[in-house]
Amino acid sequence: MTLESPPDDVTLYRQMLRIRRFEEKVLASFSSGIFYGTTHTYIGQEADAVGVLACHEEGDIVVSNHRCHGHFLAYGGSMHALAAELMGRATGVTGGRGGSQHVQWKDFYANGILGGTVPLAVGMALAEKSLNTGRVVFAFMGDGTLGEGVVYESLNMASLWSLPVLFVLENNRYAQTTPIQLHLAGEISDRFQAFAIPVAEAETVDVIEVFKLAQEAVVKVRTGEGPQALVLHTYRYGPHSKGDDTRDPEEVLKYRKRDPLQLQANRIDPDLCKRVEVEVETEVDEAFQRAQNDPLADPASLTLPLDPTP
Amino acid sequence: MTLESPPDDVTLYRQMLRIRRFEEKVLASFSSGIFYGTTHTYIGQEADAVGVLACHEEGDIVVSNHRCHGHFLAYGGSMHALAAELMGRATGVTGGRGGSQHVQWKDFYANGILGGTVPLAVGMALAEKSLNTGRVVFAFMGDGTLGEGVVYESLNMASLWSLPVLFVLENNRYAQTTPIQLHLAGEISDRFQAFAIPVAEAETVDVIEVFKLAQEAVVKVRTGEGPQALVLHTYRYGPHSKGDDTRDPEEVLKYRKRDPLQLQANRIDPDLCKRVEVEVETEVDEAFQRAQNDPLADPASLTLPLDPTP
Amino acid sequence: MNVLQALNGSLHACMAESERVYFLGEDILDPYGGAFKVAQGLSTAYPDRVITTPVSEAGIVGLGIGMALRGLNVVVEIMFGDFIALAADQIINHAAKLRWMSEDKVRIPLVIRTPMGGGRGYGPTHSQTLEKHFLGVPGLRVLAVTTIDDPGSLLKHAILEDNDPILFIEHKLLYTKALQPLNETSEFNLEKSGERYPVYRLKVAGSPPPTLTITAYGYMAELACQALQRLAFEYEVFADLVVPTQISPFDHHLLLESLAHTNRLLTVEEGSHTHGWGAEVLARVVEALGPRLQAKRVAALDMPIPTSGPLEKTVIPDVEGIIQAAREMIS
Amino acid sequence: MNVLQALNGSLHACMAESERVYFLGEDILDPYGGAFKVAQGLSTAYPDRVITTPVSEAGIVGLGIGMALRGLNVVVEIMFGDFIALAADQIINHAAKLRWMSEDKVRIPLVIRTPMGGGRGYGPTHSQTLEKHFLGVPGLRVLAVTTIDDPGSLLKHAILEDNDPILFIEHKLLYTKALQPLNETSEFNLEKSGERYPVYRLKVAGSPPPTLTITAYGYMAELACQALQRLAFEYEVFADLVVPTQISPFDHHLLLESLAHTNRLLTVEEGSHTHGWGAEVLARVVEALGPRLQAKRVAALDMPIPTSGPLEKTVIPDVEGIIQAAREMIS
């Protein structure tokens, strides 16, 4: 297996833009009451999901978290189904059962318990290794999730058994409202190295840089070198969920100036950029429109989680 | 506060010998059926408890684990009460409730859930720091306990808040029957350093060397430098609990040759050594004898764990 | 005053009253003040005793136990009750046992506060009523807030006047609900039994003797109040409602008093049906009353809590469900 | 053949039958074969599919879920049932929900085996009967072994023929007990209902119609068998004993059949009394039967399990306690 070159600039741009516009629409529509529950948007972090998942191959597994829309769209999930899921429609990814943070489709798994899915990711890697499928597990988590003990139990076993999993740590510098210096002692990369897991690290929102780092790491994982970690220092532009932003607006502004989309747009002919913009906006509008016209989830569709009869 | 010199050689020897002879007697007496439950002996690791706890001051807190007899005796716990506890007597440390691994007396706390007490230790350190008592918490754990996630949650908070706790990691190279290479990825010291906790480390059974390392670390803890870790590579000579030894006898023999007691005995006049031996043997015999003559725990002593009435 | 204000005010009062009160939790610093704002203002007023923590539920409960062991009165906030399972070992094997294991030499004055419940579309991992898995833990007290009387004083008793560990349940939908002070309600006759953690008995003011006894706690007590009125006015079914604040261990004294007249018991809870709180209530009452009790439980369906409104509404009990069950029992 | 041999044999058979069966646990490699030896020989026979793990209960259950998600049939051994609380989040929020959350698109063929129970003086953190806290988890099946019939086939069904997560309870004291094969017992009349996870009904052979129905699972079913005989021969009290292997969700069909005649129910369990398994059994039966049931529970005292023999014996139910409770109900 060799290092492949990244997808073309426009594709990368389009994918990031799809996430951006989708999320903007989610935030803008929230007050209209079309959604159930809450949401956590990915705006500002798009280069991570798109750069990393550009390396995923059919059959690879993605384990995501509460902030999963970006991962899901980059994985190839349906924008319409995601919108419908947020709106509690029968056509949602899980028929309205899971909502924003509990998305399961093909080999994509997201969940609202921070850290709780990390051992699942490692277990899936163990299964794939045992079955010799050559599949790689991508496990996304945030800086705050490094507070959860089960993450370390998982890192230990992933390393001990040399399992095919790439840990993608998105450090957006906050856990909800808590800045990293109030929740994390020491260095993020050391948390992986303490388990002898090699780390690649970057302070970047450049999707191509992310892709390259990810691809190097994924090749190692896929060729049996064992787990790798990718620590991506990034930033989210939006609030943690909806209205709960307590950060210094100056700080947000500073990071907004190094926008991953702008950076990638600069690599593209402006007219082409515009065209992509229009196409994506149309796609987002249509996805939302269609979802809104879909029927609400039907209580008759509910099933028991277990067959009760012996 | 200055570094104090270690206790005199005979005192150190006597303390280690008290543990050794107590534990030998425990193992030897088990088949006679005088005990309830099981036990985990400390034979071979005596230098750790004695060397480390020689640094403890009145009011300091000791958090121990399933293998607690050595810690308890070095802390100053009553040998008779410990023997009585193992025998389920009313005079036992906890009146026969806790047994071998659940020992609570003064500021000493032991428990049978691996790792579960580590956050308690850190919480106690937080309390002592808040109350400005100058007390230090000694938290003992084994190599296998590094498998438990809550340990890392605890290390993170201890470090974040610069709490007065000394983590004493006794690496006896096994978790029950599992050799360390099958349960631990990477280096033990890195597990602490990943949380920016300074580590002192030694491959030694020399009680004076242990004391010196511990004293240096404790001084740092006590003077507000925050948590420290001491990684002591050691070995247990006995089985994990009673009959369950699956290790290579050659390996056990190798480590038996660097016996902490022998090492310390070499520093002492042989006649004095003999006298100490006799005294300790008498002490152990008397402790057991007295305990065996004590009444069994009385069911009428049982109390509810909670007052049920509102 | 609403429940949120009462709880927040109580926390302020406790921290003012005793310097030994400490508060730990995730994202609890001002201006955020916790995901549900119960901690609002605390970190500004008591910066040294209000500690925002990493995302480590087991760890912070464990730390709270350690602090309590050393004599502090500790409040730990778990952001969503769904995460309490992460601290199960700390609660069951440490907090609840340490006093007993030490022959009462150590005590654990720890209050673990957490919001439970659905109704907001938060989905399967943020809408649960998981306290049922922590009922009947020897050594653990479980309290649940309602709007009745004074939830602030309930919390205060828990923090300042109890030396044993407490799981303190706050239903998310209660926060914005107005309190029903004991003496001011004209719609219900309200009787109170017990001081620290009272049990309340309500009936529709001026109603004839009850033929049914309903018992509910937390937010379901709210719904049961509504059901009580509609049962009386629309269906001429008259019921007693017994609302405990301490749901485990459960004191069935007042319930038995009411049942002595009605012999009919309906329990209502938001947790899933099987092995819920109501099971123990029924069991106790049957044991006590012998072969004359008719009983029924209203609870959530035995499945996770879905996000989509129509689904969530189907899974979680509502006023209609309570009324229907009550009517079935009477007919 | 004893229970240990049956379970060990079943594991061997499962691993031989399907290459998709994997086994994870702490200290399970030969020659040790696990703390209670249930895994003996497995690692020698199937070195690639038997994985000894670090001391990480949450982690290994989580890994098991992940493996199961990818189509393997996974058995995870938790060394002592007391440690299951460490995996509570993995069980409640992951294993039990994933199928439902995916609209049945994924399945979790996972068996978490663990020994529970006291009687060996292991003390407060190694003697508990904690399964009560995992009953009524939507999406989780809880099974419990007895000596009756074939515990090996129970385990085999769980591992190979069930695609949902299972908590599989083995009482420590059962391992060395001899099996009571269905057809060979002359002391009891034995009736079996259900295939995969049967419910059994026993009565003393040749006894007159029962006046009492006892239900118990696990090791307590053993004690209840002894009590049944002594009640019959010493006190002329004749009882039916209903023994489920699936304790949650609980199928009360056979129990109701028996109660239709006796109207008297005694539940027996080793877990602590309040909010135990018996509560749900009683509640269900009362709901079904209406005002004619007399009921009582025998269970452990509501306190931790002490180490010292005389104390432990006082806390945990014994045959005498069952007999006494039964006689009280009849008199």
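For clarity, chains are labelled A, B, C and D in written order, and residue numbers in each chain start from 1.
In this text, a contact is a pair of C-beta atoms (placed from the backbone, for glycine too) under 8 Å apart; a residue touches a chain by one contact, two chains touch by 3 or more.
Just so we're clear, the structure is a prediction, and the values are computed from it rather than from any experiment.
Among the remaining chains, A is positioned farthest from chain D, on the basis of C-alpha centroids. Note on chain placement: the centre of chain B and the centre of chain C lie 41 Å apart, centres being C-alpha means. Centre-to-centre, using mean CA coordinates, chain A is 45 Å away from chain B.
A straight line joining the Cα centres of chain B and chain D is 36 Å long. Among the residues of chain C, those touching two or more other chains are numbered 53-54, 56, 58-59, 82-83, 86, 89, 93, 96-97, 100-101, 124-125, 138-139, 249, 301-304. For chain A, the set of residues that touch two or more other chains comprises 95, 97-98, 102, 111, 113, 146-150, 153, 156-157, 160, 182-184, 303-305.
Contact topology of the protein chains: fully connected, every pair of chains touching. Interface residues of chain B, counted against chain C in their complex, comprise 61, 94-95, 97-98, 102, 104, 109, 111, 113, 116-128, 130-131, 149-150, 153-154, 156-157, 160-161, 303-310. Of all residues in chain A, only 35-38, 85, 88-89, 92, 95-102, 111-115, 144-149, 175-178, 182-184, 244, 246, 296-299, 301-305 touch chain C in the complex they form.
Residues 146-153, 155-157, 159-160, 182-187, 190-191, 193-197 of chain A are the ones touching chain B in the complex. Taken together, the chain C residues at the contact with chain D in this complex read 82-83, 85-86, 88-89, 91-93, 96-97, 100-101, 124-125, 130, 132-139, 248-250, 263, 272-280, 282-283, 286-287, 290-297, 301-304.
Within the complex formed with chain A, the chain D residues making contact are 22, 48-49, 51, 53-54, 56, 58-72, 89-90, 93-94, 96-106, 138-141, 164, 194-199, 245-246, 249, 251.
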